[in-house]
């Protein structure tokens, strides 16, 4: 991907973000029961979904790397994981803000929240592995193995926490999914925000990908310079 | 097939012999688990009412810590004198190596747990032998060791491996631990109330744990070869 | 560069064409070509960092090369790793022995892993040949380094491999053991097997081999039948080519 395309992608993400901000804060009406706080949802929901997309991308790139090892797959997995951790962190942050305002508590150990938190740990662990594993092919392979495990684990965590909640009484009802009766402007704003964060995710991952390749190239040059 | 099983058994036999000689895993970890349980006892000062809630968590946190300590040794002992290369040079399929190391980690952990379960029963005033709990322990330990063996093989080549191993694999193995804690507290609640064991209620937890074991075993066995490749 | 031709019995023990290998971003093997026929013993000389150990690990299936083709006994190590592992016997700086097991237990362990038939007879045979019978029932960590290396060599020979890969086999061995080793390698080659060994030691390397090669910077810079070089010539050549005092 050439530089002007990359700059264009970042610019597009910026413009779309401005529109999303306008839509979320000024354009859509206040939600009837929750009030202004509900506007966090225009960020929280898209960020959460894109967080899962990022995790999925790590999974796919990891499998591709093990089948056909190349620095490209490795760099895609790495870039996507780093951006993914950013998104999952933001998801937890916006979620707790909303929770405090709506439920009156920051945190609740519901299956959904627990799974999100474990997911955050999984991908933080992924980045730590990148930092502590041996450099080169072996480290990349370890990361790929963890990237596959992490994705398979997410549904398992959800399953085990749901089973547990079946036994215990449900303390609080989780955030309800957007209902059919959603106001058309709200629906549009949500969909647009989703698109915005998707473009942002792609733009950031592409940037991180090229940065990663450049880091590897620099290191190669440095080593061959020292080797002479 | 015969060579495959023979390789698995040979690794198991070798690890058992080494453990008998060096006593590096079972004995020290046994004492450690005992200490952890005692520490929890002081931390919570459990009243009979609190006991049912806290004991299951205490049990599995101690076993999880013990498991990590054991797993740190699993491949570290191969690494001394380049033994891992020695293993890798043998004309044995990589998943036979995996199952050999998995089973030795599994049996060592199980030995520790089977000694600690009655001790735990005495300290927390619970029945010394609960068949359902023992069965659950076997299943949970299998899932734990299945994932742990893969990560243990990774960790030997990393910096700060003793700390990193739990950070990497606790989140992965968490579903199994959650299931274990939940079903154990159900078992303890039943035992505390003096009820006979209710297997029908319990069966679904066993099924869930068994399903996790199956997933972890398949994924781990498939990925192990990539971990030991240089 | 002269490459020995096949001895007529079919494929060679080792055939390497354009082997490359990089660790992370550092390339260690840079297009390496050579052929080792059956029945030959090759001494590979090379300074530290020339890529000797990486080459041995690549031939031993412990490391996979990045590009080029490699055939061990006409098998592809990437696809037929198990068959290759059955064919080769490897001894590196590490003995691969477990410290807290006895020599005999170690050999039993590896014997079972390799599926060696009539294992006990084979172990006794090797213990006699390498002269460590008296030390077999002692735990390995109580033995001297040289004795451990002998048992390590027995471990490498246990499954009657046709190709031996030895990384600096003479280090740590006393005169007596080196004598045994030399005889053993000669017999091995006389019976149609091949030996690939690396060394620093010009004198020992020349006595043990019938082919000599020099590895410089991840490439074979020199490859000749042993009979064509005199020790003095080879020594000065080695210094010139490898750029190191010997």
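Chains here go by letter, A, B and C, matching the order in which they are written, and residues are numbered from 1 within each.
By our rule, a residue touches a chain if its C-beta (ideal position, glycine included) is under 8 Å from a C-beta of that chain, and two chains touch if they have at least 3 such contacts.
Everything numeric here is computed off the predicted structure, so don't read it as measured data.
Q: If I average the CA coordinates per chain, which chain comes out farthest from chain B?
A: The chain farthest from chain B, judged by C-alpha centres, is C.
Q: What chain is most central when centres are computed from CA atoms?
A: Minimum centroid-to-centroid distance belongs to B.
Q: Higher C-beta contact count, B-C or A-C?
A: B-C
Q: Let me have the rounded angstrom distance from the C-alpha centre of chain A over to the C-alpha centre of chain B, please.
A: Here chain A and chain B have centroids separated by 32 Å.
Q: So what's the Cα centroid distance for chain B and chain C, whole Å?
A: The mean C-alpha positions of chain B and chain C differ by 40 Å.
Q: In whole angstrom, how far does the Cα centroid of chain A sit from the Cα centroid of chain C?
A: 51
Q: Residues of chain B touching 2+ other chains?
A: 229-230
Q: Any chance you could list the residues of chain C touching two or more other chains?
A: None at all.
Q: Mark out which residues of chain A touch at least two other chains, giving numbers and ranges.
A: Residues 137 of chain A touch two or more partner chains.
Q: Report the residues of chain A in contact with chain C in the complex, numbered from low to high.
A: Going through chain A, the ones touching chain C are 135-137, 216, 219-220, 223, 227.
Q: Any idea which chain C residues touch chain A in the complex?
A: 23-26
Q: Touching chain B in the complex: which residues of chain A?
A: 66, 118, 121-122, 125, 128-129, 132-134, 137-138, 141-142, 144-146, 148-150, 152-153, 156-157, 159-161, 163-164, 167
Q: Per the contact definition, I'd like the list of chain C residues that touch chain B in the complex.
A: 57, 60-64, 82-83, 85-86, 88, 90, 92-101, 105, 109-110, 112-115, 139, 155, 159
Q: Within their complex, state which residues of chain B touch chain A.
A: These residues of chain B touch chain A: 147, 150, 154, 157-160, 164, 167-168, 170-172, 174-176, 178-179, 182, 186, 204-205, 208, 212, 215, 219, 223, 226-227, 229-230.
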